[in-house]
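Chain nomenclature is as follows: A, B and C, assigned in order of appearance, with residue numbering initiated at 1 for each chain independently.
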Amino acid sequence: MFKKLFINAIRLFLVASISFLAGGAIAAPTKAAFIYIGPTGDMGWTYQHDVGANYVKKHMGDDVEITTVESVEEGPDAERVMAQLANKGNEIIFTTSFGYMNPTLKAAKRFPNVKFEHATGYKRADNVSTYSARFYEGRHVIGKIAGRMTKSNVIGYIASFPIPEVIRGINASYLAAKSVNPDIQMKIVWVFSWFDPGKEADAAKAMIDQGADIIMQHTDSTAAMMMAEENGIYAFGQASDMGAFGPRAQLTAIIDDWGPYYLQRVRAVRDGTWESADTFDGVREGMVGFSPLSDQLPADVRAMALQAIGELAAGTLHPFTGPVNKQDGSPWLADGETPPMFPDLLTMDFYVEGIDSKIPQ
Amino acid sequence: MIRLQTRTDSSTLMVFFSPLLALILTAFSTFVVFFLAGVDGFGAFYVLFIEPLTSLYSFSEMLVKAAPLIMIALGLSIGFRAGVWNIGAEGQYVIGAVAGSAVGLYFYEVEGFWLLPLMSLVAIIAGMSYAGIAAFLRTKYQVNEILVTLMLTYVAILFLSAMVHGPLRDPDGFNFPESRLFHDSATLPIIWQGTRVHIGLAVAVILAFVSYFWINKHITGLQIKISGNAPRAAKFAGFDENKTVWLSLLVSGGVAGLAGVFEATGPIGQLVPHLPSGYGFTAIIVAFLARLNPIGIIFSALLIALTYIGGESAQITYDLPNSITSIFQGMLLFYFLACDILIRYKFVFTFYQRQ
Amino acid sequence: MNELFVQIILGISIASVPLIFAATGELLVERSGVLNLGVEGMMIVGAITGFVVQFHFDNALLSLAAAIIAGMSIAAIFAFLTQIMLTNQVATGLALTLFGLGVSAFWGRAYSKVTVDRVDAINVPGLSDLPIVGPLVFSYDPLFYLSILMVILVWYFLNRTKKGLILRAIGDNHDAAHAIGHKVVRYRFIAILFGGAMAGIGGAYLSLVQVPIWVEGMTAGRGWISLALVVFASWQPFKVIVGAIIFGGITILQLHAQGFGVNVDAQYLSMLPYLMTIFVLVTLRIRIKSNTNRVMPSCLGKIFHSTQ
């Protein structure tokens, strides 16, 4: 009798340990890594990516192990960081800045079994996806709000680099503002950096001195928002809710919501269904969002903004809808026409008609 | 009371012991920093200094990082010996990269083994000319070269930005501020297959040996040595100070320019605004740590490269900021400079007042 | 238009404050014969210290005091190494910059997501409301006034006091000064500490007044520019103000020009301050060629060791 008990105990033990081991093997966490161009403390671009990473962690819990590396320079070091992460067993690596494009591709070649996701890039491979967001939809909404809220009819725009994404933003904002207020003028200042609080503050101040009472930015810090708060004017948060830095000044913020996309991609790696893709989502898919509209907005402006957001969400509104001419007067979009992604939007290198200054060459 | 007194003979013991002492002191201080940061000291130490040596890949990356450091430090050491302070090697590095790359991009459609040597030559000349500005200003107008080379560094970086935003920008690159990727003939050959170690490393090591023999055996090298140690004696001997200034700046500028084009055509593969990664300044530290000795420079460059790679690893594994590398390098230099004094001076305890 | 003009001048003045502080401090150091290349490191340490203290205690005076002490402490390392241990000044200064940048970034990690109360401008009742003159002269923050005061004090010290005379003598010929009996090391040590204090305030101005947040490396090369300013000013205090305004001014003016739609090539325009510095250095030399050692302290950078 004891022998039977003993053998059963052994059987039980074996079954238990095998299932435990097998279960353990299946339950091994997927390792995902994120490379950031700046510090998560920028409260802007990088911060939002980090929010996205945390979203994945929250929804996948022990099924995922996340590594983040901040302030990785875009030069030759980036490739090495990617390789280190790959060597440490990460199965999917998100590289969150345009300048990582070529290092990402080189690393992808070295590590064909690792999946790479490159933000705002245009080159793909079997194991490299690209993703970006239709930020210009967000610009459309804030452009309309700006057009209605400005009293001086001067809008200041702090721009980083004259690349298509930034120019799309300028054009979309301008067209939207102009559509509700034909008298507006846009002042554009280029700071040639994604993140330079000192310069951004100076740029904001310069435009405020020149009469701007609304500030928009395509840079990553909260400096301009703080300037606006101090000078009693309005501004819009960029990539992230900057309300903490401009409680009265922030009318709303364009929020980059990467979380759901990141979750989807990491899960795909886990399921084995990941495929190289190019994603360019907007308001409708939830990638571009807005912080709560400020109480400072009068009821009709609020209604206008909500309607625009609703139309974007429904897919019935395209921020670039003709008739629109290029800055030199030549026609671009006919009445009711919307532009194709490529080449018009993706390689946009012209201002629309009405903008005074020139794009730096 | 403790005083520093000149030794009658340089202490040979200290020549070998002082770097070791400096390393020990730095290691100890780094432990303290880790402790204050709430990080496991031994683990971080391992990741910073030992781990990069354990994998072939990290070791190869150390070599990739060391190559430009060796080259630039060699050039700088010549000037430093003679009291010519080229602080703007970073600027010459950038100018060399831009000039060499421009040539490579111009011949974009053309293949040929002559292209890389041409690009290198252009880069050297560009770096030399850029440093030459400082030499000219110093010899003709006695303007301090520290400030001129430093100011020119900023100018060079802005120039690079202007170039990649404009004339050298990739026409198929959607207006992004990057140049085309270099084609095959304009890409630096890899000498260790499977890694990024390129021919620049070989050039650097060869230059180190050439430099060593030149300083110690060639008359001009000896002139430089003496000009630095005993300027008045050098004047009496008829060594032309102006010639020394020109020579030092031209050589350091040329080598820095070469390092720049190597970095652009090697690990990076194109011209980007982020080309300047501080090698010009780090090389100054490398040169000092090696006591300006060419062979020593190879080792100190490897050490510094090690701390960079290790620092990155520490960032990934322990979430330590990469500033820890700067802290370490700064401390190392502090301790090294201080310990080095013990070679020529010694501490003397006096227990009574000197009359 | 008047209003804009006033605002531009204000903006330029604010931009020049950190430069005035750091350059004036370094000027005193260099007049004593020491070249401290670690200004950038000292400034940024002042910036983070001031920010951290302001964040925890919300007390402007305390934060500034902390920044001063921080700048002095890190300068003390330099002073100890170069004056007692007789190390090479160029290398030690560079190490100081590197170390300062590293330490500040390390400490500042926890503080990058927050902001502090800006140190306020003062408004002299009545006077500030005078047209044009009012805002221009009377409504700066206290630190601006302090920076000008420091320039005046340093000028007075160097040119009208006995100790200042001794310091200058040490800078010109430390061996002779030592022979007469002046304590070379002591003067230089104190001068270096002063330089550290000033750089500390200059740095704190960035993180407490200009943009009250902390960002790694936020000094953005201002330490190096301050070094250039000292030479630009031919080691004379009042000229530092001129130089600082030019440097501060170019950036602000370039931004304004863009706002007006002037098609300026930002990069080339940004090169101007640096090129101008070189230009001024050269023209200074040409003009005083006959009077060569009246300008730069002759012992600048040389190691002093009293042989006994």
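Brief remarks on what is shown
The definition used in the following text is that a residue touches a chain if its C-beta (ideal position, glycine included) is under 8 Å from a C-beta of that chain, and two chains touch if they have at least 3 such contacts.
Only a predicted model underlies this, so the values are computations on that prediction, with no experimental measurement involved.
Remark: among chain pairs A-C and A-B, A-C carries the greater number of C-beta contacts. Put simply, the chain farthest from chain C by mean CA position is A.
Chain B and chain C have centres, each the mean of its CA atoms, that are 28 Å apart. Between the CA-based centres of chain A and chain C the separation comes to 39 Å, rounded to the whole angstrom. The centroid of the Cα atoms in chain A and the matching centroid in chain B are 38 Å apart.
Shown for chain C are the residues that touch two or more other chains, namely 109, 216, 265, 267. Multi-chain contact residues of chain B, defined as those touching 2 or more other chains: 161, 165, 321. The residues of chain A that reach two or more other chains are 71, 192, 360-361, listed in rising order.
For chain B in complex with chain A, the residues that touch the partner chain are 55, 57-58, 61, 64, 161, 165-166, 174-178, 181, 196, 263, 267-270, 272, 274-275, 277, 309, 312-313, 315-317, 321-322. Considering their complex, residues 67, 69-71, 73-77, 79-81, 83-85, 87-88, 98-99, 102, 106, 122, 161-164, 167, 192, 346-347, 349, 360-361 of chain A touch chain B. Contacts from chain A toward chain C in the complex involve residues 39-43, 47, 71, 156, 187-192, 195-199, 201-203, 205-207, 209-210, 221-223, 226, 230, 244-245, 356-358, 360-361.
Within the complex formed with chain A, the residues of chain C that make contact are 3-4, 7-8, 11, 15, 109, 111-113, 115, 118, 206, 210-213, 215-216, 218, 220, 251-252, 255-256, 258-261, 263, 265-267.
By the touch criterion stated above, chain C contacts chain B in their complex at residues 35, 37, 41, 77, 81, 84-88, 90-92, 94-106, 109, 216, 221, 224, 227-228, 231, 265, 267-268, 270-271, 274-275, 277-278, 281-282, 285-286, 289, 292, 296, 305, 307-308.
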